[in-house]
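Note sheet for the following structure.
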Amino acid sequence: MAVLVDSDTRLCVSGITGREGTFHSLNNRSYGTQVVAGVTPGKGGQDVEGIPVFNTFHEAVAETGANTAMVFVPPRFAADSVLEAADAGVDLIVAITEGIPAHDELRVFNHLERGPSRLVGPNCPGVLSPGKANVGIIPASFFREGNVGVVSRSGTLTYQIGNELAQRGFGNSSIVGIGGDPVPGSSFIDIIALFEADPETELIVLSGEIGGDSEEQAAEYIGRHVSKPVVAYIAGFTAPPGRTMGHAGAIVSGSKGTAQAKADALEAEGVRVGRTPTAVADIAVEVLGG
Amino acid sequence: MDLLEYQGKQLFAKHGVPVSPGRPVTTVQEAVSAADELGYPVVVKAQVLIGGRGKAGGIKLAGDREAVEQHAGAILGMEIRGLRVRELWIEEASDIEDEYYAAFVFDRSAKKPMAMFSRMGGMDVEAITAEDPEAMRMLHVDPLLGFQDFHGRRLAFEAGIPEDVIRPVGEMLGKLYEVFVSEDATLVEVNPVVVKTDRSVNALDAKVTIDGNALYRHPQTAEMRNISDESPQERLAKERGLTYVPLDGNIGILGNGAGLVMSTLDVVAQAGGKPANFLDAAGGSKAEAITSAVEVILSNERVSALLLNIFGGITRCDEVAQGLIAAFRQVEPTVPFVVRLDGTNGPEGRALLAEAELPNLHIEETMLGAAEKVVELAG
Amino acid sequence: MAVLVDSDTRLCVSGITGREGTFHSLNNRSYGTQVVAGVTPGKGGQDVEGIPVFNTFHEAVAETGANTAMVFVPPRFAADSVLEAADAGVDLIVAITEGIPAHDELRVFNHLERGPSRLVGPNCPGVLSPGKANVGIIPASFFREGNVGVVSRSGTLTYQIGNELAQRGFGNSSIVGIGGDPVPGSSFIDIIALFEADPETELIVLSGEIGGDSEEQAAEYIGRHVSKPVVAYIAGFTAPPGRTMGHAGAIVSGSKGTAQAKADALEAEGVRVGRTPTAVADIAVEVLGG
Amino acid sequence: MDLLEYQGKQLFAKHGVPVSPGRPVTTVQEAVSAADELGYPVVVKAQVLIGGRGKAGGIKLAGDREAVEQHAGAILGMEIRGLRVRELWIEEASDIEDEYYAAFVFDRSAKKPMAMFSRMGGMDVEAITAEDPEAMRMLHVDPLLGFQDFHGRRLAFEAGIPEDVIRPVGEMLGKLYEVFVSEDATLVEVNPVVVKTDRSVNALDAKVTIDGNALYRHPQTAEMRNISDESPQERLAKERGLTYVPLDGNIGILGNGAGLVMSTLDVVAQAGGKPANFLDAAGGSKAEAITSAVEVILSNERVSALLLNIFGGITRCDEVAQGLIAAFRQVEPTVPFVVRLDGTNGPEGRALLAEAELPNLHIEETMLGAAEKVVELAG
């Protein structure tokens, strides 16, 4: 078992004919993901190393049975692409694109909430279920199958933490990057709920950062609904207020969204918070045994 | 992207939000002719991106030409909480009976726009809520449905403002929401909304933040950019497409990915050091990005050591190493470098660096080790 | 039992201070309906013969526990009032107002569909549950408690049919006017489902008319899901195509929406269709006994 | 409210839908000067609210001034399927390579707008679907989300039009949706959408219906009303706020409530009669409404008997009786009246009528009985 993506994933990539889109689609396929289709308007009928390209998601889904979408198009086309994938009935949409206007994200989020499609991202590295499927840009070679579920707002920091865990011998059920934007399609809570229900996952690692209150909300949810151990890391203890730290969502506004407040909220619900990525791995060893 | 008061008011006017006539000026002479055109009295207002202008003496009523000359002269060039005043807004004066507060913000938690309105305006919003939490009325707007008339009525009635201004205030809120959405703002704040002696309602201030990601669809707004208060590093980083945030320490920080860089700042601080900046060379960093980033960081003279922390995912460590080697050739740095290169093509990257024998460059295996080393070297 | 309104109904009337609003609010109260509040912006604090008036629905609901709204305001304010009532958490909204712009109705309908509030109307006579509550403008004195549930797109025609039934000795569980607009908040199907589940209702009378395909949809639904006998009447057999017959929704477009097609669809599912209001009553006698 | 082609195109132009330049004219002389201004060749198009103008000779290409004179002269005053041509639209001629079909309609069943597009245009829409059902592509639009770029692409790709016009067609569809929503249209149909020889895309026809209930927010459109083809009865009824539909029989029908009136028409037809009209005096009919309604019906000279069928709900039968008595005084009708008054204050109403002893007025107890009686009296 794993969450979100696995061997049943049938992936259709929006923007497959772009340079990055092609590179990562093929990368995902090499890993074993079933990459069944691509969508690029006007390039229908072509193929990318054997992956058929369609003009619309509807056609791609009808012809290939795609159930998962990855969105790789530039920001001004990304919201439309997410909506198209949802309209075509895709179950899971992973949006890698960074820089989508915030109001577009709001509309997309509030629209998708009414339907069955789940969005992960945007501005995220994707989802990796080691040994099963990789949808996105997570460098899979650093991770192997195991019992630690990771959910994170950032990309490279996730690799850092994953790597520290790997060095202690832990593998992962799934690694989910929910993205660094203010309005992510899936929240910590959404993914933690999946890990809680996933029999393979025995420890959940939450990697948060400054800005918003999604870590605080997650803390409350964990306190009420999660039986599995959770370890957390929060980045940005030393971030100055009022400045966006790279991620659009990473900003301390006034006294809100500080790393300290998040760590406090998590610890109050029994979540152990490591102050460095290394410390997270140390705690994992304590919880699960070396 | 934050707009100056008068820039925000230009957007307000475009959407029918009532504002007072005025002129932006940059010299005393322009201020005087603007005031002559508008008619006296006028208000001379410092245009800086910071609150508390009034208390700092940056807003003055001028009843005649001499007063305009005097105030404009005093305010231009004044420093308000660290920001130099370079522009003024000369505005028709208003006879004010009442001051309210209105705003639209993103509520990240609810994932919806939030409308805020209070019958107490003209003071700091945190002071309003502190003085009387009930006085700040708030509600969420479904972004697919939009701001409805009932939202405006509800805020106005619940705030307890007089009967005769319920309708104009409700209408203004509707138009401010229009500004918020159609101008891709992430913040629209009016403090104060004023009721004038003729009982008309007017937006007397404007604090508007536009989503930088949406500027491509607002070319006119994009031209409003006020870059005068950026540091040279920030300006350079923006030109190179890098994300740079100045901090007040002496250790230059460079990494790939916002989360990892934030984490690096924290770990350096834990090791007892003081970072000079946040700089994300972004996922997929190519050689040129690394070279540019090093240039940007070293253009800050306070930097006495530099930490490069890379965990390669899309980013390939060999490319990073090449970029660093090129940077050394171009910049010929005089400060020590600590490098931690891990992830995709890590061994190849480290081998390239070893071969290049760059002066005063220290390779560390772990993030923690690298942080400790750079703190030691920075002194 | 009855459907939609009964002795638990706590009614708040939007537009209570208008001439028609006052008249019918008091009429509904005289019938026994608990009319607990009214809403007229700017008249908060006043009262209408003891019924307190509020500036907003939110205040009315908070102060009086209103669970049902009746909307009596002019068309240009009606959509806003319906949305306000829903936002304030009212369960049932009965919109009497005629002449609401069609795009407003579309937006309202599609918005309400996402939430728990149910809309009946607009452009409808309301809902009467004889002996329990009357919400709207149905002249209650012609009806008494009984076992026939009536659902209709029109007002006076409903009274005509109800009167013919009453003359044969039948009473009604509830009478629901869904309204004559193209996009009614509740459809025949919605109300028939309620009658099917209502133990008091033994016969369902559907009164349809030309335009749209809601009678055809109802026919299909009845064939699949309704065990109780249904008798129908369709008005407009002689209506010329392309002309709106009074109700915004009553128009035969090309060959679509004819009375004959509706009667055929209903009869194909075993629904007996009376060709005059009198014939409907005759059939009711046959089905339920005189 | 149906708009003439050129009125629809004015709305199109307002929202950026590409249309050809043209001028509306009402005389041959105006037609010629319009053509002179536009440059030759032009198309002379009859402006009537009916399809099949081309086949009827109402659309002609004119290569020079003489041709304009000749065609404008022939078309003005021509009758097309019963409608007199009173206006022309003189339009720049287009070199056409391809013709498509586009429309936005209300799908009452789905309770959503429906977009329609076909690569087969220029012919009757029912002919398109008959010839090749697959050629008509349709999709629903969520009115809260609106028409998205992908909707336009999907329709265009699925219709199978050439690559190079996918984008302009998609954009046109987006703008037509904007017309549909922001102008409160219940129908927007363009047949044909044309691809010109320069591969630009243009709306060559416009069939737009505006929701009469929304005209209050479109004052300019409200002035476009084309009332020339209404019957005198319709015009009078509209002035009095009554809903009147002319039919071709001889029995005047008056009732309260659309459903009841429709039912009355059916019952009269079943009894062997032919209704002359539909007239709904509306729920809550007051005395004056009844008086007006009688006037409207009797202004039609074909009416040889009148049936008044009232079931009082809000409407009070005594008020109806008073209105009828007043009508008799004002109009002094010469045709027989059959009256059925039931419901609220029925006995009082019937008593008033009995007292008034109106000439040739017959009171019936049931709707069916009243229908049979009026058929008998109408002859």
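By letter and in written order, the chains are A, B, C and D; residue numbering begins at 1 in each of them.
In this section, a contact is a pair of C-beta atoms (placed from the backbone, for glycine too) under 8 Å apart; a residue touches a chain by one contact, two chains touch by 3 or more.
Note that the structure is a prediction, hence the values are computed from the model and not measured.
J.: Which chains lie in contact with each of subunit C and subunit D?
T.: Chains in contact with subunit C as well as subunit D: B.
J.: Tell me which of A-B and A-D has more C-beta pairs in contact.
T.: Pair with the higher count of C-beta contacts: A-B.
J.: Of all the other chains, whose mean CA position lies farthest from subunit C?
T.: Following the centroid criterion, the farthest chain would be B.
J.: Mind checking the centre-to-centre distance between subunit B and subunit D? Centres are C-alpha means, answer in whole Å.
T.: Each chain's C-alpha centroid was found; their separation is 55 Å.
J.: Any idea how many Å lie between the Cα centroids of subunit A and subunit C?
T.: Chain centroid spacing, subunit A to subunit C, equals 48 Å.
J.: How far is the middle of subunit A from the middle of subunit B, if each middle is the mean of its Cα atoms, in Å?
T.: That pair's centroid distance is 28 Å.
J.: Report the inter-centroid distance (CA atoms only) between subunit A and subunit D in whole Å.
T.: So the centroids are 54 Å from each other.
J.: Return the residues of subunit B touching two or more other chains; collapse runs of consecutive numbers into ranges.
T.: Those would be 142, 144-145.
J.: Hey, what residues on subunit C touch two or more of the other chains?
T.: 107, 111 - these are the residues of subunit C that touch more than one other chain.
J.: Mind giving me all the chain pairs that touch?
T.: Final set of chain pairs in contact is A-B, A-D, B-C, B-D, C-D.
J.: Sort out for me which residues of subunit B touch subunit C in the complex.
T.: By the definition above, subunit B touches subunit C via 142, 144-145, 148-150, 153-154, 157-158, 163, 166.
J.: If we count contacts the way the header does, which residues on subunit D are in touch with subunit B in the complex?
T.: Residues 144-145 of subunit D touch subunit B in their complex.
J.: For subunit C, which residues count as touching subunit B in their complex?
T.: Contact set of subunit C toward subunit B: 41-42, 44, 55-59, 77, 80-81, 83-84, 87, 107, 111.
J.: Which stretch or stretches of subunit C touch subunit D in the complex?
T.: The touching residues are 20, 75-76, 99-104, 106-107, 109-111, 125, 137-139, 141-142, 152-160, 163, 180, 182-183, 207, 209-214, 217, 233, 235-240, 243-250, 254, 259, 275-278.
J.: Show which residues of subunit D lie in contact with subunit C when the two form their complex.
T.: 106, 108-109, 111-113, 126, 142-144, 181, 184, 186, 211, 213-214, 216-217, 243, 245, 247, 255-263, 265-267, 269-270, 275, 278, 280, 283-284, 311-315, 342-344, 366-368
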